[in-house]
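Each structure below is given as structure tokens.
Heads up, the next two complexes both have chain A, just with different partners, chain B and then chain C.
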Partner chain A sequence: MTIDRHEPTPAIVAEGLRRTFHRGRGADRQVVEAVVGIDLVVGRGERVAFIGPNGAGKSTSIKMLTGILHPTAGSAAVLGHVPWTDRRRLTRRIGTLFGQRSQLWSELAPRSSFEMLAAIFGIGRRRLGDRIEELVELLDLGELIDQPVRTQSLGQRMRCELAATMLHEPDLLFLDEPTIGLDLLAKQRFREVLVRLNDELGVTVFLTSHDVADVEHVADRAVVVNHGRIIADAPVDDLRRSVLAVKRVRVGIEHGHAADPVLDLGLPGVLAEPISPSLVRFEVDTNQTPIRRVLDTVLAAVPVADLSVVDPPLEHVIADIYEQPR
Partner chain B sequence: MTVSRDARANGRDAVDRGDDEPPPSAAEAGSDRPEPPDPAPVPVWRVLAATSTSAWREALANRAGFWSQIAIMIVNDVVWVVFWFLFFDRVGAVRGWDLDRLVVLFAVLTTSAGIVLGLLNNARRTGQLAATGALDAALALPVSPLAYLLVRRVEPVNVGDLFFGLGLFVALGDPTPTRVAVFAYGVACAVLILTGFLVLVGSLSFWAGRSDAGDLGFHALLLFSNYPVDIFGGATRVFLYAVIPAGFVSSAPARLVDDFDVRLALGTGAVAVAVAAAGATAFTVGLRRYTSGATWTRA
Partner chain C sequence: MRAPARAEGAIGWLGPTAAAARLGARRAGAQPGGLAFAAVFYLMVTSVLAGLWATAADAAGGDIVGYSAVALVWYIAASESAVLALPQRLIEDVGIDIDDGIEAELLRPTPLIVVRLAAEVGGMLPRLGACVAVGVVLARIIGGPAPDPAALAIAFPSLLLAVTVNLAAQYAFAGAAFWLRDVRSAWFLYQKLVFVLGGMLLPLEVLPRWLELTAKALPFSAMAYAPARLASGHLEPELLVIQSGWLAAAIVGTAAVYRAGERHQIRTGA
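== the complex of A and B ==
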């Protein structure tokens, strides 16, 4: 790998990154290719969503980039460090947050965990006090800082986890499905914090997620991975105009009323699909018809008992990306 | 501080400087600027002290549970000593082992096992941690993962062994200064052997996947360490010194306390260092095969 010394060192450079696992024993032993070959460059200050369905190779890639896993082949430099040979120096400059791992001590208040992490990262007592104040304000931790982790909700805990990840002021944040299991409000708050960290402190954000909304609200670039290789790499604005422009509207109709009046709204880019006699799902291409117009038309046509607007599942988005012209 | 989108490409200190500041030079803008110097590494002892302090705090979070577990373990150990008291009262000495020496053996064993299973509890869980992907949190920190994991967890019930062992030696072990020093040396050797052995057999999980080999080895080692290995003879005795180093965990240190011998002391120390080094090496080499995982875990 060569890095042009006249350019700022990128946050992440990966070339041909590959990882295989072995499953089973004896005659049943299989080689599973989790990551087939990842080539990627992420600049400083970018917000990148690394997305893909289950088993696509997202977590394996992120664990190689953070030095947790050794690759089978390929090379990588993160902030100029080879992650798996220079892990201890790299981890001083990155923050790693796994949605399914806890770095906080469940019986202790986050403040105690922060004190231990401060000792590990060489943060002095005075600086730690200032840093905790900054993070409490930034992440709206309030009294959570002194409340045992096991008594906190998942959303509260994830904010404390993020604070722990940010304690040593990393240049680059790796977040592996950080919004998994959070409710809508907690997800929204978490996304806002990530954007603020990036906007105000210049922290590079590298995020994996299953949630299309994470991509839309946090990232400015989306890298789509499937079957262990990158299948798309585009600005989120571009995706927003294409595949992310499609929303799903579910409309429940009051008992005793027929859905017929809304099965053909006559709006461009709107497809209706009856799910049951009183439930209709619309696929809306918001490039052609704004959601608001669809809702106004539906509300005027039938008495609505229930209504929701959701993103299509990530698998559908990825299927659409497959169909995009390259 | 505000950071412009373009400036961010140059890193964290590429801040918006305002109109009244001179434009950054090429070097300041980052084109030839080297990476910021790495922060000075933190001494290992400070990392271990901070981690074990947190482990103690967590163990003491439920004080009633902590002390009740310790009390139960002490009662359990007392019963074992009473058994040996009754045994030697009826049988007398066996192959040079009498009640006094057996008390020292049991004090060495409970003290060292109390340290390893109580204060270095993850030594016993090495295989489980490796097989379930629970090493991620340690690997995300700028620390030696093995050292961090070893002190990461305190198990109160086994701390009871530690208290009992120290109390037993002080009460019945004739703790003269010389005997105390040799006892401390013997315990240190036993701690190294127990920890190294547990990490070694646990690290097999990096190659064999989830298995009970570590637990089986652990139980065998502790079981045989409960007895003076010298009462066995022939192949069994060789086995208990060479394969499962139970003889070096308790019998050899107890003999040293009672009847110090330089060659035995050096031999026990060499075995301790060798087993500890083997455990650390197996773990370090095994990490290259670590596969992580996706289950909810905590080290």
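== the complex of A and C ==
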């Protein structure tokens, strides 16, 4: 299937989507504005990361777009359906994964749960067999398909969960924090699988996350949300050139050696901050100096005991986006 | 190619219902330890209670409110089977599921209550089978042959009805979690109602007349008393009709609770 980004019906159209919640009772009653007004169009075949810190309104938005939460105001159409009035029909065309809430039965192998999901979605026995084979290959499930879920690692289980989500061949995947809690390797593998689903099957991917790496490795477009509003909506390549280009390098120096030689590396876009006498943190703008060059320079200057390269927390990325001229 | 849209409504739910029941049974079968534990627990409780009632009947001259010692042993064997075939904290477990979030289940073409009830019925069957097998042998050893084989024969479908009514009613109770969020303590109250007003611990005829009539008019009597009354040698097939009525009411009521609960959740997000 080829991706048609100019399909007449977009995957998602939201206009002025708003949701308030009432918390507490009596004098303590508060109105919480979870989503203040989301305007968004997602084309077919796009991979969109809907990112923001905790409490930004990501999950509330995804619940409204999947039809399990009624908005306070605004309108939306997902694959041409109004989600909250046409939820049952919409469920046949979307796949959803909410964090690590399982739709598989832990005591049984995924294949058994797939049989029940197939009955729910009206997939015949022969088609189910073919579909399982396709998904086993696509998601690299191998023998996991016949292993009780409770014996699987979280990363393995999440790939099986994704297969369950894909069983009825949805056009659009809503994934709410799917990588949360996964170790680095499992995250990487899960991201690769998502990209493959999009490339090979043309499935639109709408992913929420507060992990910057999910954005970089999965999405081709990032929508940044904070305090219930969209504060940035840009191709990931553009973000990468600006705020996502910043990486953090933590360097632990061997006992008995001073950090002084690395406090000023003389490299453009590199800021050093001593955390302790033997620990230094660098903020590196990779547009100006590649990480490799920073590491080479540090390793040549001091004996290194420990070293790590990490993305800055999403809060920092968002703060940077706020600071950028609009 | 996408799976074709299936018929909506009750007809379209038959496939998912059967599949969920099969899966529920397979899940129960995949936990032989759980089955064995249920059977041992049943054996302990039933031996003690049956022995107690048989002794009481002997002490009372061989008869308590029309039940002989043998009849009381069979009564307890059946009433305990009906109640212990279900997980004891089902209301609590379902309430926690609802409170934690059931988004994935809401995003399916088949209502969650249809799939859940079917899976529970499937899962209950192996447990009920284990309890009945132990119960028949135990009652035969402690009490002797069943007082009326014909009444015992219809006690088996009655047991199935009893457990299903109980299951649907527990789900309806647990559905309160859509509004109250925490229904953890409800299972305790519910169980006590089944124990006493359902006739699990004692034949309802033992209660004061006004309470006996009240208990017989409530759905709890369909959950334990009906199959126990039959197993104890009272050939009263009308009990099956009453149970079927309560089953229909329980299913309609439970479906209504979940429909309203889902609507509440979608409207309020609570």
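Everything below uses one rule, namely that the second predicted complex is superposed on the first by the 318 of 326 C-alpha atoms of A that agree within 3 Å, B and C clash if a C-alpha of one lies under 4 Å from a C-alpha of the other, contacts with A are read in each partner's own complex, and residues count from 1 in each chain.
Everything below uses one rule, namely that a residue touches a chain if its C-beta (ideal position, glycine included) is under 8 Å from a C-beta of that chain, and two chains touch if they have at least 3 such contacts.
Please read these numbers as outputs of a predicted model, since none were measured by experiment.
Engineer: With chain A superposed, do chain B and chain C clash or fit?
Structural biologist: Here the two partners, once superposed via chain A, clash with each other.
Engineer: Once chain A of both complexes is superposed, is A:252 in touch with chain B (first), chain C (second), both, or neither?
Structural biologist: A:252 sits against neither chain B nor chain C.
Engineer: After superposition on the shared chain, which partner residues are touched by A:127: those of chain B (first), chain C (second), both, or neither?
Structural biologist: Only chain C is touched by A:127; chain B is not.
Engineer: If you stack the two complexes on chain A, which partner ends up touching A:155: first (chain B), second (chain C), both, or neither?
Structural biologist: neither
Engineer: In the overlay, answer first, second, both or neither for which of chain B and chain C A:79 touches.
Structural biologist: First partner only.
Engineer: So in the superposed three-chain picture, is A:9 touching just chain B, just chain C, both, or none of them (first/second/both/neither)?
Structural biologist: So A:9 only meets chain B here.
Engineer: Touch test for A:203: chain B only (first), chain C only (second), both, or neither?
Structural biologist: first
Engineer: Which stretch of chain B would you flag for clashing with chain C, going by 2-10, 20-28 or 56-64?
Structural biologist: 56-64
Engineer: On chain A, what residues does chain B touch that chain C touches as well?
Structural biologist: Residues common to the chain A contacts of chain C and of chain B are 21, 60, 63, 66-70, 87-89, 91-93, 96, 98, 101-103, 105, 107-108, 112-113, 115-122, 148, listed in rising order.
Engineer: Spell out the part of chain A that touches chain B in their complex, as residue ranges.
Structural biologist: 5-9, 21, 25, 43-45, 59-60, 63, 66-70, 79-80, 87-89, 91-93, 96, 98, 100-103, 105-108, 112-113, 115-122, 148, 171, 198-203
Engineer: Spell out the part of chain A that touches chain C in their complex, as residue ranges.
Structural biologist: Of all residues in chain A, those touching chain C are 19, 21, 60, 63, 66-70, 84, 87-89, 91-94, 96-98, 101-103, 105, 107-108, 112-113, 115-124, 127, 148, 168-169.
Engineer: Please give the residue numbers of chain B that touch chain A in the complex, ascending.
Structural biologist: Where chain B meets chain A, its residues are 1-3, 5, 7-12, 14-15, 30-33, 35, 38-42, 46-47, 49-51, 53-54, 57-58, 61-62, 135-137, 139-143, 209, 287-288, 290-292, 294-298.
Engineer: Under the stated contact criterion, what part of chain C meets chain A in this complex?
Structural biologist: These residues of chain C touch chain A: 1-6, 8, 12, 15-16, 18-20, 22-23, 26-27, 30-31, 100-101, 103-110, 115, 265-269.
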